[in-house]
Amino acid sequence: MQAARLSGIVPPLSTPMTETFEIDIPSLEKLITFQLDAGVHGLFALGSTSEVAFLTDAQRATVLDVVVRCVAGQVPVLAGTIDMTTTRVIEHARAAEKARADALVVTAPFYTRIGQAEIKAHFRQVHEAVDLPIFAYDIPVAVHSKLERSTVLELAEQQIISGLKDSSGDEANFRGLVMAQAAHPDFSVFTGSELLADVALFMGASGVVPGLGNVDPVGYVRLYEAAHRGDWVAARQEQERLYRLFDIVNVGLRRMAIGSSAMGAFKTALQLRGIIATNVVGRPQLRLNDDEVAQVRRALVAANLL
Amino acid sequence: MQAARLSGIVPPLSTPMTETFEIDIPSLEKLITFQLDAGVHGLFALGSTSEVAFLTDAQRATVLDVVVRCVAGQVPVLAGTIDMTTTRVIEHARAAEKARADALVVTAPFYTRIGQAEIKAHFRQVHEAVDLPIFAYDIPVAVHSKLERSTVLELAEQQIISGLKDSSGDEANFRGLVMAQAAHPDFSVFTGSELLADVALFMGASGVVPGLGNVDPVGYVRLYEAAHRGDWVAARQEQERLYRLFDIVNVGLRRMAIGSSAMGAFKTALQLRGIIATNVVGRPQLRLNDDEVAQVRRALVAANLL
Amino acid sequence: MQAARLSGIVPPLSTPMTETFEIDIPSLEKLITFQLDAGVHGLFALGSTSEVAFLTDAQRATVLDVVVRCVAGQVPVLAGTIDMTTTRVIEHARAAEKARADALVVTAPFYTRIGQAEIKAHFRQVHEAVDLPIFAYDIPVAVHSKLERSTVLELAEQQIISGLKDSSGDEANFRGLVMAQAAHPDFSVFTGSELLADVALFMGASGVVPGLGNVDPVGYVRLYEAAHRGDWVAARQEQERLYRLFDIVNVGLRRMAIGSSAMGAFKTALQLRGIIATNVVGRPQLRLNDDEVAQVRRALVAANLL
Amino acid sequence: MQAARLSGIVPPLSTPMTETFEIDIPSLEKLITFQLDAGVHGLFALGSTSEVAFLTDAQRATVLDVVVRCVAGQVPVLAGTIDMTTTRVIEHARAAEKARADALVVTAPFYTRIGQAEIKAHFRQVHEAVDLPIFAYDIPVAVHSKLERSTVLELAEQQIISGLKDSSGDEANFRGLVMAQAAHPDFSVFTGSELLADVALFMGASGVVPGLGNVDPVGYVRLYEAAHRGDWVAARQEQERLYRLFDIVNVGLRRMAIGSSAMGAFKTALQLRGIIATNVVGRPQLRLNDDEVAQVRRALVAANLL
C-alpha cells in the first residue's frame, strides 16, 4: 500500500451466512479463493455489499480475521468501519488495525444531521486515532450526505485520506476528482459503479469496487485489463455484458426493496455458481423465493456464467 | 407500564460528557434529579437528543445503568436501541432488558435501503427476541424512511408495538394515528415536537418527548397539566414561551449543521442553569463558542430561566 | 380587502370541465352559488385545486370572469397567477387586475433553480407591476422550493405581500409565522391544510384554504365558527369528521398519482352531490373509474353528505 | 429529420435579452450564425438554457421565428414546448409546428403531482395533437419527476417519441437506454451533459445538447468529430478542457442560486466573446456583477477563447 497507489478491481466481498444468520466461514473462505484466483487487485471487507450494516461487532471481527488470514498478503485488504459517528468508527478502525487490515474505508457520519465542517472533523479525528491509510467512502444513498469535492480535495491535500471510493452516482463530479488526482499522485480514486467501470477507467480512475464483482470477478478483471492496455472497445463490450447481468439486482422488487433484492441476487448467484452454501441475507431483509432464484439462474446462463 | 398506558412528558435525556468525551456521571445524576423534581412522567434514555449515535456500546450501558439506578422506579425508563439493522438492535435490546429498562424505542433500519415490508419484519424480529414493550420511533430525518401509517397500525393491532414516538414532522399523518388510537386503548402515541406539544395533546396524543424538556421540564409539565384539565389557552401560552426558547437550537448555524447546534444549545443551557458541568458534544460535532454561549444565555434570561 | 384583514374559510375553487376539457360554465356558476350559500368568507380561483396548471390562459380568463361576475362583491376573490417566472406571472397578474380580482396569489418561481434571493426579487417585481395585494403561496410540493420564514417576514414588513397561504406541511414553521403575525396586524396567515384547520386556527391563523371545502363548505364554515367562539372541542369534532372524509383523495392510488386521485375525488364528490356535471379532470390526469366513484359515494354517505 | 436519425452537437440556444428584458434579435441572429459557422448539427431553441421559463408566449414565438428563419434549413431546429401540463404544451407544440420547427422537445408535466401513468398519457396526447417528431426531455432537476427507462422504451417502441434528451445526471440509467437503442435504429438518444459528452458518445449516444456549446461550439464539434472517428483520447482531452471551462457556471454562487449563476455565466461569456450585446438574464434571476464578470473573462482566457 505505502509503496504504490492502489489500483484495479477491488470487489466488496459478500458475507455468506448460515440459515441462522451466522457467518458461514467455509463459504467465505471459498469466496475469497474464488476472487484471488480471478486475479482481483484487492479485497474490500465489511463494505455495504458485505452487509456490514447487518453484522454485529463480533461478526465483523470474524469476517475480517478470515479475510486477512486467507488473503495472506497476496493483495491489499480494505476494511470498512461503517458506523454512525467518530468514536464508534474509531473503535472499528482499531479493531481493523489489530486484525492487520491494510487500509480503512470510512463514510461520512450518519443518523445525525451533519455538514461538511463536521465531516472534515470526522475524518481528521479518525486519522489521528489510527495508523492505517483511509479511503473516504462517498455513498449518499446510505448516509444521506455528500462528500463535496472541495471536502475530498482538502482532506487529500492534507494527506488525511489516501483515496476515495465514489458510490454517489454523480459521474460529473467524480470526473472532477479524477482530473484533480493528477496533482495528487498518491491519491487513488475508485468508482463503486458496476455499470460505468469502463468509462470511469477511461476518465482516469484508479480502479473499481464492483459489488457484482463477487459474482463475476473474471469479467471485471478482463474489463480492467482491456482498459489498462487502452483497448476501450473491448472494455466496453465486457461492460455491456456485465451491465445486462447486473439486472439481477431487480429480481425481487415486486416484494421487497432494492437492498434486499440486490444482496439476495448476488448471494443467489454465488450459490448457483457453487461458491457459497446459502442465499441467506441479513435480517430484516427478505430472502429471494424460488421464482426469483430461477430468474437469477437464467441471467447467469445468459451471461455465460452457468 | 403494563397496567396503564404511558402518557405525559417523557424528555429524551441529554448525555453530559467530560472534556475527553466520556460520560459525566455526576452531571447525568444531577440532570435526572432535575427532571424528576420537575414532575416528568417518564424518561427516555439513549434517544437522538441523548446523542446515542455518538456513544459506544460501553457508554450506552453506563448511561442506562445510571438512569435506571437514579430513577429507581419513580417513572418508566424508555431505552433507545438505535442501530442500523435487526441483529444489532436486538443486541442493544437485550442490554436494555438486562439493565431493567421498562420499554424499548426502536427506529426503522437505516444505512441500508429498505421498504415497509422490511420495516415490519424488523419490528417483528425485535419483538420476538425480547420481552419488553416496544415504542416505534418515526424519525425520517435520521433514518431516511417513514413508518407509514398502515405499517404502524398493523404492528399495533398485532401487539408488536405498544406505542409510537413521532418525530416525523408530518402532523396531518400523526393526527390519523391519534384518531386510530381510539380503537387501541393500550397504544400510546407521543409527539417528538417541542413546538406543537399543545396541539398534539389537543388532537389527543398521549404525551410529548421534547428535547427542549431537558432545559425546561417544568414548562412542559405545566403545559401538559393545562392540557390535561382542558385549559387550552394556558397550554398555548406556555407553548409559545417554549417556542421562542427553542430558537436556541439555531445559535451555531453559521459555523455548523443543525445537529451540532441543537445538541450544543441544549447542553449549554443546562450548563448555564447549573445542572451539568460542560457543554461538550459528541464527536465530530462542533462545540459552541463564547459568542454562541452568550446568545443562549440571553434566551434563557428572556424565558425566565436564568 | 384594504379595510380589514382577510380571514375565514376561502376554498380554492374546483374548475368543472366538460367531456372535451373545456370550462363547464354552468357547473362553475352552480359551484360558486353553493359556496356562497354555505357562507364562505372568500373564494380562491385559479389555485392548485382549481387545476390552474391544466388550464390555458384563455381558460383562466374565462374562469376568473365567471367567478368575479357570480361573486359580485359578496366576498373577496383571490386569483392565482401560477407560472414559472416573473414576466409570465406579471402577465397573469395584469389579467387578474383587469378581471377585477381582489388579490393575487403568487408562488415562488419553479422549473428554474432559484434561491431565497431570487424569490424575494420575484415578489418585489410582481408587486411593482400591479396594484393588487399579494398573498404569497408556499407550496414546496408543487414548486420544490420553500418560502423561508425570514423571506416571508421580510416581504411582509416591506408590505410587498399582504398575507400567506401555507401549504408546506411544516406546521412548526407555520406557527412561527402566526406568532410573528401579532406584530403585523394587517398581515393574514392562512393554512392550506384540510386536516389541521382547527389547530391552525387554535394557533392563531387568520383562516383556511381547504380544497375539501369544495365538497363540504358548510363543514368548514361550522369549524371556523366554532373556533371563532373558542369552542375548541366542537371545532375538533368537525375537523375529525372532515379528516375521515378527506380519505377520498386516496381512492385512485392503485392506478394513478395523488394529483389525479385527489382532483378526481373532489370532482366526483361534487358530481355525486349534484353540484357539477362531470368528474372530468385536466389532461394528462387519469379519471376515476366506476369502482373508485363508488368508494367516493360511500365516503359521502358516511360523512352525512349524501 | 425523417430520413436519418438526428445526431451530433445540438446546442440549446441562449436567448439574448435587452436591458428591458426583451428579445435582443440582432444578438440572437449573430449567435445563430456563430453556431452554424462552428458546424453544429442542429439547434435546440426554447430549452432550459434558452431561459424558456422566463419568456412570455409572444417572446417564445419571436425566438422561434428568428431561429427558423436564420437557420433556413441548414440544420434541424428543435423547439421546446416547456409548460406544466398537456393542454398548455399542445398550444406551444402547435405554435412550433406553425413556425416550421423540425421537432418538439417535451418534458414530463410539472407543478402537479404525477406518476409514470400520467407521463405516458401526456406524451400520447401531445403526439396525437401534432405532426412533428417528439424528443422526450428527462430533466428531473426542473420537473421533479424522472422519465423511467421503461416509460421511455415503451413510448419509443410505440413510435410516440423519436428520441430522448437526458439531463437527468443518471449515467448508469442513460447507458441502459443507449444499449436499448440498438433495437430501435430510428430512436436518438442525446445527453444534456456538458461534462460527460465524450463518455456518452463512447457509450453510443447519438449526440450532445450542451449548454456550454453556446460559448464554445467549436470545442464540442471537435469533441464529436474525434469521437466519431474513434479517437477517444482526443475526445477526452477536448472534454477535459471544456470541463474546466464549465466551472464558470459557479461564478455567482455566493450571491445567487445555480440557475442565475449559470445563465449569467453563459451570457457573459458570449458577451465577452463579442457575440451578444448584454449579459441580461430573465427575471427574477440576478445578474453577474463586475467581479464575477472578471472571473468569467479569466476562464475564457485560460480556455483559449479570448
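Note that the chains are named A, B, C and D in the order they appear, and that numbering of residues resets to 1 at the start of each chain.
One rule holds in what follows: a contact is a pair of C-beta atoms (placed from the backbone, for glycine too) under 8 Å apart; a residue touches a chain by one contact, two chains touch by 3 or more.
The structure presented is a predicted model; accordingly, all values stated were derived computationally and were not measured.
**Q** If over half the contact pairs have to be identical by residue number, which pair among A-D, A-B or B-C is the repeat of C-D?
**A** Matching pair: A-B.
**Q** Chain A and chain B are the same sequence; what rotation (0 to 180°, nearest 5) superposes their CA atoms?
**A** 180
**Q** Can you check how far apart chain B and chain C are, centre to centre, with Cα atoms defining each centre and the answer in Å?
**A** Roughly 36 Å separates the two chain centres.
**Q** Between chain A and chain C, tell me the centre distance in angstrom, where each centre is the average of that chain's C-alpha atoms.
**A** 49
**Q** Hey, what residues on chain A touch two or more of the other chains?
**A** Nothing qualifies.
**Q** Treating touching as the only link between chains, describe the layout with one word: line, ring, star, complete or other.
**A** ring
**Q** Which residues of chain C touch chain B once you look at their complex with the stated criterion?
**A** So the residues of chain C touching chain B come out as 169-172, 175-176, 179, 193, 195-196, 199, 202-203, 232, 236, 240, 243-244.
**Q** Under the definition above, what is the set of chain D residues touching chain C in their complex?
**A** Spelled out, the residues of chain D in touch with chain C are 21, 48, 51, 53-57, 59, 82, 84-88, 91, 109-115, 117-119, 121-122, 125, 141-144, 255-260, 282-286.
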